[in-house]
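As structure tokens, here come the structures.
Same chain, two partners: subunit A is paired with subunit B first, then with subunit C.
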Partner chain A sequence: MPKKSDTARKLEDVGIEIDGDVESAEEDKKAKGKGAKKPAAGKRGKAAASEDGEDEDEDDEPPRGRRAAKKKKAAQADEEESDDDIPQRRCAGNRRRGKVRESGRDGDNEKSGRKNKKGGKKKKDGKGKGKDKENDKDSDKDEKKKKNSSGDDSKSDEEEESMSEGEMAKLMEEVEEKKKLIANIRNKPWRMRRRLKVLKEAQQFVDKFEGALGKGKGRKLYAYKVMMMKKWIKFQRDFENFRTSCIPWERKIKEVESHFGSSVASYFIFLRWMYGMNLVLFSLTFGLVVIPEVLMGLPYGSIPRKTVPRAEQATAMDYSVLTDFNGYCKYSVLFYGYYNNQRTIGLLKFRLPLSYLLVGIGTFGYSLMVVIRTMAKNADVGGGDGEDNEFTFAWKMFTSWDYLIGNAETADNKYASITTSFKESIVDEQENQKDENIHLRRFLRVLANFLITCTLGGSGYLIYFVVKRSQEFANMDNLSWYEKNELEIIMSLLGLVGPMLFETIAELEEYHPRIALKWQLGRIFALFLGNLYTFLLALFDEVNSKLEEEDSIKNASLWFVKEYYANYSANNPNDTGTPPPIDPADIIRGPCWETTVGIEFVKLTISDIQVTYLTILIGDFLRAFIVRFLNYCWCWDLEAGWPSYGEFDISGNVLGLVFNQGMIWMGAFYAPGLLGINVLRLLSSMYYQCWAVMACNVPHERVFKASKSNNFYMGLLLLILFLSLLPVVYTIMSLPPSFDCGPFSGKERMFDVIMETIDLDLPAFMGTLFGYVANPGLIIPAVLLMVLAIYYLNSVSEAYQNANMELKKKMQLARDEEKNRRNNKDSTNQVMKDLEDLLPNNSRPPPSPPENRAEKKHDQGGKSPKVKPGTAGGGVHLQKDVSLASANPSARGPVTRAPGPRGPGPLPGQPGPGRGQGPPPRRQ
Partner chain B sequence: MDYTNDPDVKVPLALIVNMPELKENPFRNRIVESFSEDGQGNLSFNDFVDMFSVLSEMAPRELKAIYAFKIYDFNVDNYICKEDLEKTLNKLTKEELTPEEVNLVCEKAIEEADLDGDSKLSFADFENMISRAPDFLSTFHIRI
Partner chain C sequence: MGSRASSLLREEDIDEIKKETGFSHSQITRLYSRFHSLDKGENGALSREDFQRIPELAINPLGDRIINAFFPEGEDQVNFRGFMRTLAHFRPVEDNEKNKDMISGEPLNSRTNKLHFAFQLYDLDRDDKISRDELLQVLRMMVGVNISDEQLGSIADRTIQEADTNGDMCISFSEFTKVLEKVDVEQKMSIRFLH
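Right, the complex of A and B next:
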């Protein structure tokens, strides 16, 4: 406590320079007040005065002050002086016991560097001066006070002895109170002048009765502490800023959010999240598979799988071939087929095949983990913001402007974002207020869902039909162009028409846009699943045919090698050495279905990127361009009417991202380079789309708030992840790898590489251990245990959820009750009001009868803060009731006192427990 | 200017409002006015110190709430009534909302925060509302 007052005192020092004249006037008044108090507490004053001396210097402690000092010590734990001062002081006192008191005072003065030596009783005043470091005006008051107390002074020690414990305690209490006031002066809603005044009074009071608050050592320590505190706060702020600046694209996204609302921003946040995840997958794959292969594996051209076949060599560098990912691209590190089946490569004996398989599985493992973790975290966040609908608008109104903003551009963004957020809340609110024909609404919703189910079923059947037809076509020759491309045409038509149809039907439902977005996402997702289905079907057909083809080629290849050596020995009968190896380009190759699948996925991804970017360029940019510039010479207003600017298509973009990620997951195993392409795509997409949305789009007509947890996007992603996991796991577990390409060539199944490692690299007992673990007898109980754990955790979380709901309900109830109570107190409880009217402390006559009540209340409110601590008269307890509303009497300024302009608005009758906002209740 | 002998120098609103800390603030005039003793925006040194002491990070929530209330009370009647809210909202959004929307927002804000049912916000209402606002402390301060 006393430490804080040091700074306060410094402040005071500054303040005195400015309004010293006011100060002096106040001083006099105050001094009188003190003087009036003095007679009652004369002895107290003396005791405390002697204690002042004790604080000033230890040597000249008058003996009679000792007792009080010690008592004080015992009572005040936060006293600044250390305890070891006491014995010192005591012996000093003993030494000087015989001396006349005045001389002691003299020494005191000299010690404190003051030259105010005066004779007789004046000495005591001098002491007051020596202590008061502020100015001489203060000492005026001191003088008076000292004169009062000096009367007692002349009496001797027995008086001091007789001072009652109660008085001591009271004094101490008062000092404590003043100290508290000094510490909290900053928090008072007063004008600076009043603050200075009160502070000075309090300071003097404390100084007088308790001694100088700050001493050299403590002051330094305090200053140091304050400095460190400030440094620490600054450091924290800088660190926070640094952390924020580390989040990529935070500013870009915030900018989009401020203009387009959180729903559009949620897409970009999702995109950023996706980028982060893909970056991890990318570094995993490149660090553990691609780079080791490049650095340590056999170079290009050393073995057949790493060489372009003789037949393709002529065109291998053609642009058109390369863009199809054939030629050199196909026989590069980007695809599965390039990797050799050597068990270990390089000096480090890096087990590439094992690493390849583990990374492939790890990609899925990591993705699953990260998606589920994010979902769980989002659910956590989503649970927390349930009750913020209490003060949505009020908070937005009063706390949304950031007073720190000093930059014009930032301010503009802030205006936009505040407007957007208000619009979002308005949409929510309108949705709540809408009272409509519930039966009609229900009917329309059922109808809409029925229509959409029909559409989905129809398109499903169409896809099935077309796929079947295309399988028939596959066995036929001389097809027309349409028949060849029928599947693709139908699929893209469906993808084009479907979403638009759904959107039209969704108009019927009149959902809140946020919910409508979810429905839309779900429906389009279902539609696109058809795409996925046809794609996978076609792929599996291809793989199966390749597998059949492979068997014959394998034999041919073996035969070819045998033949080559036979021919060689036949043609060169003289040569006994080994024949020169065959050029790897000449060897007959298998079709290597894994690479084919990889190429398919890469091609698909590339074409997807092209389509997306072109759509943005044409659909958004060109449209905006035309609308903007053709508008000058057109017959109708292009901007306001048709075609206008485009809106950002959230559902389409999110689904595009999700399906793209599905492709990546499926294809990454067969084309490790796909992850690199995807990372580039997401990176460019971030900048491109951010630019496009800011440059060419307009905000949605009804800007809506995205749900805080975008778990719906995550849910879709999880679904896609499972769907893409299935085919990959199927191929790993049940299809035989190609015989002459890829890291698993020559093995029965891909996962054999694990068995091999267990057998060859790990000690024997590990193999048996794995055997036990893989035993169904162990696996089934483990699965059962997990199921039970899931069941248990699920029920626990349900219970918590119920408890949460109950608590929320209770809170709501309590709030309503409180509100009602207040309302009743004010407007309906007439008896209380009549009673208040009769109270005696309604001293001032009301100017007019109708304003009576309100005026009286204000009167009370205005008065209550002026009541001094401890001297609160009767009737103050009533003022407590209204003091909340008028907590800042000085802040209100002159209006408080003038009865005229006050509006007749009634004040809250029972404001309830204030959280310490109004000084008056605290003072009672 | 001689501050020592004539400490009652006042700086007019137009000057204060142009300082970089306040320049972009939509409520700058109100801030200065509510801290000035005369209510006209002429700040004495004490008022100026007062202003930045209240807007500093160290100031407690209760104190900030009191001055925030004064700032948002445009017509200085010690209540935040609907007109005040409308003014606040128009300043916050640069009048981009339609009159109906403004009306809706103001009514909702009063409905949420008004505890005593007089369809305007007294300080008690305001204090109760602002004391639970998560962002109030972080937004209602100025660093100088």
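Right, the complex of A and C next:
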């Protein structure tokens, strides 16, 4: 072995050792502080740390898994014990603590031994930077050892006290040291990253243990702080558990997902989301409109709008009338017409009309906000970690099983979900590999789109034509049954045939099923828009006719009241007092178009619910039932053959949900009760459909993975929201409300209620202020400003996107670097081992099994070319004479991780100029 | 039971185990009582049947492989030392250990050793390579009969294709390591033993 290089190596080595040693010494100290001095606190700290780490990891898993894990590994004591019995143990469990402390001492011995070695080396070097310190510490330890050696397992309290004092002193010293370090860190010749790290560690240490040093009060405070910290962490964990268990239907959905794949689950997640949103809308409407009206408004029968008219009273309670939402239903709090136009009601002077209008607008505002926010959030998720899955199958293979599962049922689900996920990946893979005839495919796709556009156009024209015809029919008498119901029949036929036709045409396209689903959804959506259009058209016709009718009735009604009083005074000339009020049931009523609209929507919703549920019952349940049980006595195999079991129709269900929500949005203003009905519907359909899908359906032939975000569904929802916003806003802004029903009766326009509030309830200057604000001179600049803001935000987000891309690239680079470093670690370690073997007093455990080493060698052998840059980075500031060393000065990551020993130990197969001395002298 | 069990454990044993595995004293006594309660034969060693009584392992498709990992080659008994040695793979890596790693060689709970443990689960014939057949066997354990053999074969092929870098149609440990590079093995293969 050449001497020169040997000494040089030693020098380098020592230089590094000092760098690395301060850190490790600190670590040791910390460990000691944790392990020996404050057994309880240290344990707590560790437990907390590990718990924290675990938390992150386990959040996704059901609480049960965690419990299982505990059960499995945690021997008999449960976690509570370990958390809470520490104070107890501190005063009572002396014996046990003694042991722990002993172990700590052992650790100290070992460490001090090791430190001595290093200290020795340092002396050789002459720098001796930490020498005195070391010695001090060692003597300190010796002292402690002496103290402790007298008593073994049976430790008296006194001893404990003295020991803790000794430790106290040491701790004090350490804290002082750390403080010094913090003060001097500027002067240390370290790299910035390292400095920051050390600084952070030191500060943490000081924070942690400074409190422990004080006597009496300070110490108690410290103990209290530790305890509170522990409690807080525990509370956070419990809270997290609680939050996870609060997510409704999570298990149900997971179950469905494990059997039917993420695509079907995505529908249920969407349903759940919808339920949440509707719950908020429902509480808004009921809390601010319906409940106040019920509690504080005039009771039923007090005024005409709250009374069933005399003519209808006989049949008002009939079942058929009630199911049509006439009779008592019509004159109830569920509908617009019931509300009175009194400005304030009750003792609280609740401004009901204002509240009604604001809630109506707020419903839309909230929905818009939530939909858009969710979309934005989902978009976030999508960009997160969707990229580079180069090891899809390998990961599925090696990491899919959840080893914490201890329940047979969960295990079944997991089996199913692993199978499903494999199937999903297979589908994805098949799609990726398909690239035979791109031109044919393109041609087919264009053809398919052409066909579908034709179909859509044709059905659009058909609808237009039928609507026109029905308007003609409306003016004619003696129509046949078909002519009367032509519109409905055509519409439902279209709804039936259209989707099937689209599906057939979509076969041509051969899209990946996920994309095919989107297309299918979009096309059916377009078709259904026709439905919506006819419905709205019919509704507006009705509203217009009612409005016309209303004028005449208004006059008649006024005339009736006047005549009543005139008659009364004529009949009873001597009665000078006020005449008795007319029975509210007798007054002539206007048609109240708002309630009519509300009833239309409610009826539509109800019939939609019925149709959906019956379809599931017949189409899925009955079919499954027949297939299952008639199969025993049938000529062909029903299960495998023609009828088979149904598949879950994702597109149909999603669209059903979306359109239903549109109905709710449109109708909620005219029928506040609609939201309640919808909440019930969503709630029941969650259970019903979950049951139906698990009981009657089979997974799709090609189970495909849903895109991570539900953004396509959300997009449809947003479109529907916008479309349903239009008619409602139109009616609020431009149609006159009925004169004798609803909270806005007697006003020109519904929004006048806001003007009224401004005029009457707000101070005068507010009125003028609003007057200015409403001035076009202000509105146009405001609009311009908004446009500018949109433009600005848009460009900002673009810039962010660019920055994101840059960051991603950087991350990739960092990952590569990390990779290199990790690959190097093995070699580092080996060299370390060699070094360790050289040293005397080797008290560490025997080296790891030989096959490990073999692998490592193999590893290096296989990767050495790749590893080079990292290696160079590692050696950069210790091996100035190695040509490789300066090749990549930018890769300084590895340096922080104790680069020391790489100096002497060359990578096998890479002999550098200064270190080509063959194998390290381990075998001497 | 716990106290009695731990009294059967000699202090020197504990110290040795502590040195070897890095478990703390109380963890060792705790795990010893667990060991003892698993040991139905009361002969100070666990047999395969003892392990199969643990529900988590019984329902685990790879349960047999995990149990195998506890047993040294060719033996069907494992004593407490061996038990602890295997469990030590799952000890969380603690902060203050990270630096020590570099000095004192690799503890049993290092990343490499954790990964190697996982690797062994798939390496049925212990030849330090995961072959296609081994993958197929594991796959069958995992998905049963729900996926056709042909597809399973293509999954296995794909897996090897993804992971194999040197073209020997097997997954060696280094390739395995590379595949799981981005998986936080330190976290995922850690069990929070009570202190």
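Note that in this section the second predicted complex is superposed on the first by the 556 of 924 C-alpha atoms of A that agree within 3 Å, B and C clash if a C-alpha of one lies under 4 Å from a C-alpha of the other, contacts with A are read in each partner's own complex, and residues count from 1 in each chain.
Just so we're on the same page, a contact is a pair of C-beta atoms (placed from the backbone, for glycine too) under 8 Å apart; a residue touches a chain by one contact, two chains touch by 3 or more.
Computed from a prediction, not measured in an experiment: that's the story for all the values here.
A.B. asks: Please work out whether A:796 is in contact with subunit B alone, subunit C alone, both, or neither, and reply first, second, both or neither.
C.D. replies: neither
A.B. asks: Applying the document's definition of touch, where does A:399 land relative to subunit B and subunit C: first, second, both, or neither?
C.D. replies: In the superposition, A:399 touches subunit B and subunit C alike.
A.B. asks: Just checking: does A:408 make contact with subunit B only, subunit C only, both, or neither of them? Give me first, second, both or neither.
C.D. replies: both
A.B. asks: Which partner chains sit in contact with A:778 here, subunit B, subunit C, both or neither? Use first/second/both/neither.
C.D. replies: Neither partner.
A.B. asks: Given the touch rule stated above, what does A:187 touch, subunit B (first), subunit C (second), both, or neither?
C.D. replies: A:187 sits against subunit B, while subunit C stays out of touch.
A.B. asks: One more residue to check, A:311. First (subunit B), second (subunit C), both or neither?
C.D. replies: Neither partner.
A.B. asks: If you lay the two complexes on top of each other, which residues of subunit A touch subunit B in one and subunit C in the other?
C.D. replies: Shared contact residues on subunit A (touching subunit B in one complex, subunit C in the other): 20, 390-395, 397-401, 403-408, 411, 415, 418-419, 422-423, 425-426, 429, 819, 822, 826, 901.
A.B. asks: For the complex, which residues does subunit A have touching subunit C?
C.D. replies: 20, 23-24, 27-28, 30-31, 34, 43, 46-47, 49-51, 53-54, 56-57, 68-69, 72-77, 79, 81-82, 96, 99-100, 102-103, 106, 114, 390-395, 397-401, 403-408, 411, 415-416, 418-419, 422-423, 425-426, 429, 815, 819, 822, 826, 828-829, 832-833, 836, 844-845, 847-848, 851-852, 855, 858-859, 862-863, 897-898, 901
A.B. asks: Using the touch rule from the top, collect the residues of subunit C that touch subunit A in their complex.
C.D. replies: Within the complex, subunit C touches subunit A at residues 1-2, 15, 18-20, 24-26, 30-31, 33-34, 37, 54-56, 59-62, 66, 87, 90, 92, 94-96, 99-108, 111-113, 116, 118, 122, 128, 135, 138-139, 142-144, 146-147, 151, 154-155, 158-159, 162-163, 165-166, 172-174, 176-177, 179-184, 187-188, 190-195.
A.B. asks: Taking the complex as given, what residues does subunit A use to touch subunit B?
C.D. replies: 15, 17-20, 186-189, 191-193, 196, 233, 390-395, 397-408, 410-411, 415, 418-419, 422-423, 425-426, 429-430, 818-819, 822-823, 825-827, 884-888, 891-893, 895, 901, 903, 905-909, 911, 914-917
A.B. asks: So in the complex, the part of subunit B that touches subunit A is made up of which residues?
C.D. replies: Touching subunit A: residues 3-4, 7, 20-21, 23-27, 37, 39, 45-47, 49-50, 53, 55, 57-60, 62-63, 65-68, 70, 72, 76-79, 85, 88-89, 92-94, 96-97, 101, 104-105, 108-109, 112-113, 115-118, 120, 122-127, 129-136, 138-143 of subunit B.
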